[in-house]
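Below are two complexes that have chain A in common, paired first with chain B and then with chain C.
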Partner chain A sequence: MVNVEEIRDYAASLLEKEEVKAVLGFRRGSASAFAEPCTITEVGEAASLVWDPTCLNNLALYLVKDRKQQAVAKTPDNRPVGIVAKGCDSRAVGVLLQENFFKREDVVVIGVSCEGTGVVDSNKLSDKLKGKTASRITFSGADDINVSVYGDETETVIPAQEILADRCLECRAATPTLHDVVFGDTVEARDFNEPFHAAKEAESASEDERWATWEHHFDRCLRCFACRAVCPMCYCHECVVDSTTFVVTLGTSAEEKANRIRWCERSANTSESAVYHLTRAIHLAGRCIDCGECERVCPVNIPLRLLNTKLEKEAFEMFEYQAGHDIEQASLLSSFRDEDPNSFIR
Partner chain B sequence: MTKRTGVFVCHCGKNIAATVDVKKVAQDLAKDDGVVFSEDYVYMCSDPGQTAVIDAIKDNDLNGMVISCCSPTLHEKTFRDASELGDLNAFQCEIANIREQCAWVHNDMDVATEKALKITRASVRRVQHNQALEPIGVPVTRRALVVGAGIAGIQAALDLTDAGLDVILVEKQATIGGNMLKLSETFPTLDCSQCILSPKMVSVSKNSKIKLMTESEVESISGFVGNFKVKIKKKAEFVDPELCKLCDDCTPVCPVAVPNQYDVGLTNRRAIHIPFAQAIPASFTLDEEACLGLDPVVCGKCEEVCDVGAIDYDKKPTVTEEDIGAIVVSTGFDLYGMEHMGEFGGGRYPDVLDGLQFERLCSASGATEGHIMRPSDHKVPKEIVFIQCSGSRDPENHCAYCSKICCMYTAKHATLYKHHVPDGQAYIFYIDIRSGGKGYEEFVQRSMENDGVIYLRGRVSKVYEKDGKLKVMGVDTLAGRNVEINADMVVLAQAMEPSKGTAEIAKILKIGRDKDGFLAEAHPKLKPVESVTAGIFLAGAAQGPKDIPETVSQASAAASKVIALLSKEQLAHSPTVAKVRDPYCTGCEMCVDACPYDAIALVDGKASVNEVLCEGCGSCAGVCVRAAIDVKNVTQLQVHEMISAIMA
Partner chain C sequence: MEKILNQEKLREWVDMLDDCEVYAPAFADSVWNYARIEAGTDIDLSHTNTIGSVKEFVFPQREVFFRFEKKDGVPVLTSTLPDPKPTVVFGVRPCDGRGMPRNDTVFNKEFEDPYYWARRNKLTLVGLACNQPHSPNCFCQSVGGSPHSEDGLDILMTDLGDRFHVKGITVKGVEAMERGRDAFDAVRDGDQTEVEKVHDTSRSFPQRPLDNLDAIPKAIRESFDSPLWADMAQHCIGCGICTFLCPTCHCFDINDEVISPTTGEGERVRTWDNCQFPDFTMHTSGHNPRADLGSRLRQRVSHKFLYFVENHNTQQCTGCGRCITECPVGIDIVAVLERVSQ
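Entry: the complex of A and B
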């Protein structure tokens, strides 16, 4: 079982030795039992770091944000950043490294194994607690999670299978592969759902049913772009399907300005939203590391994870490609092998 | 700038006009924004057609035009040249393909007209955003590489040096000459193969402009037409050809015997050997795989007896990089394996031979010194059966194609057999006789009439051994009866297939292959010696089954293409290359990985295109999730416009 003191000590020593300018981690949230992301820059702050099943966020997002800030800063601070990373988070760092977004030496990955469990799904937990609010959620050390609620401090033990996020139930690499240090036991296989379980289940519906489902979801989409904002892979300067961030530089010609293309409009109607989500899914093929953040932040609960895991399933079944597993590997989209199953490529 | 676009719709005789209402296409497009001229004509590519185009450009002050006709592979160049003659930049001219992509694939005129209209309209919208571009001039390396030194490669190399070019001739085997060196006499004149080939081989070895590299293979290639860089790997040269004086002291002491591939397995040879007495380079060679480990402790006998010290076991393979302007690929053929012909006893009975083995039996340089005898008991076969189309023209079980030369060489084999064994009887089973070629039909007739060869029209079902004879069970469909022949020898006219390694060289050189595995020509009629990759040409049986005269013609044709290419001071490279939109590039390197031409590199964290290497294929644009890279004149905007035009 992970001892949180070890994480704190390691973070403190990184800061003390000035090996990093900051450590990205989790601290106790102020509003609920859920942890919140934090940036630690002082040795003393390291004591506030926590590690429990509520450390939901993919902190790689903040690495991206930092790089973007430094790129436009007058006096950029390019010292390395430390990051507390679960298995999925470390894969995100892997994809970013594959894509040259930053260099390996720019990041210190403090890997934390999810061991036998993972992070909880707040919706599943709410259902379980039947309206009560959790005050404390901790790892039990086994395949279940201890939960206490306000007003009743006795811990209830809930089987992990019942409240873990879907992605954790399907996770094949709960221990970070890419790391500078790793805390917790290395876990190979876990006894939850098979990989791509949810995507396979969704696939089993008829074409008409699936179309009806997605039409319904796209119809509800508010186009708030929270899914894009939270995704560490959506780091483009200009989003192809949303040209409000059109980049104008000295080199931008008048014709380019006049002729900027709008592949998809911002209006939140079913067809435009479908184009937005499907384009985003395609752009994440072979890049999505299944941190589930898009689905978690969606205010109208669109099961966005299904779109992305469906493509990752294809990538795995057809090309044995797993995003973020090997930073030396060429990206799925930009590479081909001679033994490719499709003959047209030869 | 105001758009002044011209549209020219071609009838292509009836090719397009039969299915597409070309007049309607032209009239409808005349109403489109920016279209100031729109006409149709029966043959746009003809002289009056082109003149009309040139005049229209001048009269209407066009700044863009679309020719709605056949595939751009056929006439893009024609009309871009016409465009230049009308003082309109060549890259302001685009082709809309309404023949292959429309007229030829539809029957319904209304539907086809609608589609032709959309295809043309898409091109109009595209050309209205085209930039005027100038071709990129690139220098030329005046040096050619010929891969494969059979008769095709030898002929091409000699022709190239006649034009003053330097040539590197690469051959995988230890001697040049290829399959032709194994033949006895050649049809239809029956002149001896060696007598006509050997002088050419000697010319190669004495030609100072040819750098001959035997036991070598192309390992990798980079660069582009006019400026290839080719890595050639040469096997370790254990016997120094300069020192070897052909004394043949080494073979008697060599303890290893392996089948001799130059005798198609009819004889054995030593690990140290000379392929043929007339081999070029004239030197013994050491078969690395057969030699006892190249370890002097284990054997080392040949080194001991070599007076001149030509043998050195410590030699290592070498890799050299050569600058090359153009390449001729002439990697030849192999016979379709006998092991596939189980029903004919192929690979099972020693007296069932393939065509090349029979050539070795007839050849004065073969194991029997030209006496035809059975490999099993060295008796002269008195009855011999030749089976044509063995493995050819059988799409269900073997090769679908006709191997083209078997009718002729089987007639030749039967004739040669009768010359060697006057009292013998030759039978030939055939499907039909294809003797198209100068003097070919007469040759076949002679074999029937003068040499009494019995031609049986029909197939053989089975060959099996009984009482020391090969029982051939066949059918004579003309007489309508079954035939049984007790033969002493059976010769299978095996199909030709691309030589082993053709797939690999095609992959290395990035040239395509056809469905049968032969190297693909760029156009079956108009570009028969060009590969799909610029600067790489094809010659000989690697491109398709062919006989010696055709092979030599094609080799000379390929050579003349190379000469034409390398006679220019500079080559014009298409300017429709990729261009990076810097602000959007995040330096993820996906395009760098995806580029098949190694034309993109990261410079200061952004992708940067080497315009000379770029072929404008658009792979980069396809993988860039940020749309940060575009191909000139096929920009995102243009694609968007084209899609809008088609979907409208």
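Entry: the complex of A and C
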């Protein structure tokens, strides 16, 4: 079992020794039974850190945010940042390192092993409770998750396998591969679902069925862009689907601004939302580390992870490539091997 | 008009509204949301609250203002003013109902928006009182509402277990009830007492408190330059969830969407916009007066609890709690107001 005191002590010591300017972690919040992200900068705050299957967020996003802020700060503070990272989160750090977003010495990865379980899927939980809110979620061991339902005195015991996120059930690396320290036991053997299980299942439907499914989902999209905003890999200053030119300098001509090509209209309708989601999926091919954040944050629960894992499956099957697993490896889209399949060249 | 409707007669009433489009909450894709009801048997009022609010019925995310094209080199405009069928929405929670008069003010006070009112005039809202809060983030009472508020609703239903107490509040509401004819029974002795008891109980559940609501505008004004905003928005991801789901957020953008550049065909479209997006305030020069997430959080909160109060004498928040519950990183408007007020 992960002893949260060890994480707190480690975070406190990093701050005390001034090895980091801040530690990104999880704490209990006022908004829900799920943990919320926190950035601690004082030794005393380390006591508020928590660790359990409600720590859903991928905090690597905040490493990206910090880098962006420091890049434009008058007096940038580029001291290292500590981050509490699950296996998937550590792969996000890995991809960011591969893409030279920051250097290895800029980050202290406080790895936490999911120990063969994972995190709770809020949609699966919602299905179990038919939309009711969980007021408390506790983990009783390897098999069960106890959920107290708001407005109801009783506690429901749900087998972990039924409400863990799909990515956790399919996880191949529950222990952070990239780390400076790891808490919790290394658990490799997993007997939940095979890798890419959900993607394979979705692929097995006929083309018409698949189109009907995605048409249904794209039609429901609100274009709140939470999926893009939460993704640590979606770090572009200006996105192809934005309707405005964000990167404006004194040299940007009026014409350039006025004539910005609109690849995607602002209207939230099936065609525009399809363009948005498919473009985003393609831009993440070979980069998505399957933290499932896009799917988690979606207010209307579009199963976005399926799009990304489908492409990661392609990357794995065609190029034996797994995003973020090896920071020494060149990234998929910037490398070429003689044995790479080239059937598309005719 | 007050009537009693047995649980099993609800379907009959819905079926008698067959010349209307009827919507009711449905649980699909792991979430409650309004869906078109084809028959009374489809209705299920066991919902918590819907993810989308009723504002979508009067202020859809995409509204076409007019179509344009070029005919013989001359631009031709075609009106697209909506003419919807009468629409009845069941299961509206009182917080969403209270959102409606606030939206009416916005789309009426300085300019009567014909698109909004074309839809609004055909819309009947059938509310369902909350016998108990369905989320720990409910705070309707803290912003002057109540779990059985009639404000903005045409009808208020109260669940009495085996039957509903149904109260027609507006002319539209009474008309919709009259269409139900025999489905309803008369109110009998004791029903009224029972309704009051259920309402009293519903108000007794603890909700997220907002101490001294009247002092909040001043507190926000005084903390305009406070570093608190940046601190509270530290983990904000800048998405549009809080405002898009809000029953009273109404900011929009207008764009021309060209369908065919050769014929010059296209549509002028109003779409939802969002103060949390960077392009909301971005100037053509590249300067953005609200460049950081702290200033955008301040704007969202100020609009609801300061500017709207100054302009319209009421908060632009009805305590539905969606922005809290659905925030991916736990930003909590009640906690924000507490901190600003300290």
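Here is the rule we use: the second predicted complex is superposed on the first by the 303 of 346 C-alpha atoms of A that agree within 3 Å, B and C clash if a C-alpha of one lies under 4 Å from a C-alpha of the other, contacts with A are read in each partner's own complex, and residues count from 1 in each chain.
The definition used in the following text is that contacts are C-beta pairs under 8 Å (C-beta built on N, C-alpha and C of every residue); 3 or more make two chains touch, one makes a residue touch a chain.
Predicted model, so just to flag it, every value in this text is computed and none were measured.
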item	value
Which partner reaches more residues of chain A (counting touched residues only), chain B or chain C	C
Contacts of A:H283 with chain B and chain C, given as first, second, both or neither	first
Partner chain in contact with A:S335 - chain B first, chain C second, else both or neither	first
Partner chain(s) touched by A:E99 [first = chain B, second = chain C, both, neither]	first
Touching partner for A:W263 - first (chain B), second (chain C), both, neither	first
Partner chain in contact with A:F26 - chain B first, chain C second, else both or neither	neither
Which superposed partner A:P37 touches (first chain B, second chain C, both, neither)	second
First, second, both or neither for A:C236, with chain B first and chain C second	first
Touched partner set for A:T249, first chain B, second chain C, both or neither	both
Residues on chain A lying within both footprints (that of chain B and that of chain C)	248-249, 252
Chain C to chain A touching residues, read off their complex	27, 29-33, 46-48, 51-52, 61-62, 132-137, 234-235, 237-241, 244-245, 253, 255, 257, 269, 271-272, 274, 277-279, 282, 284-286, 324-332, 334-335
Parts of chain A lying in touch with chain B, wherever the complex brings them together	99-101, 235-238, 240, 247-249, 251-252, 256, 259, 261, 263, 283, 330-331, 333-335, 338, 346
Contacting residues of chain B [partner chain A, same complex]	129, 507, 581-584, 586-594, 602, 605, 623, 625-627, 636-637, 640
Of chain A, residues touching chain C in the complex	29-32, 34, 36-39, 57, 61-62, 123-124, 126-127, 130-133, 135, 150-151, 217, 220, 222-226, 228-230, 242-244, 246, 248-249, 252, 254, 257, 265-269, 293, 296-297, 299-302
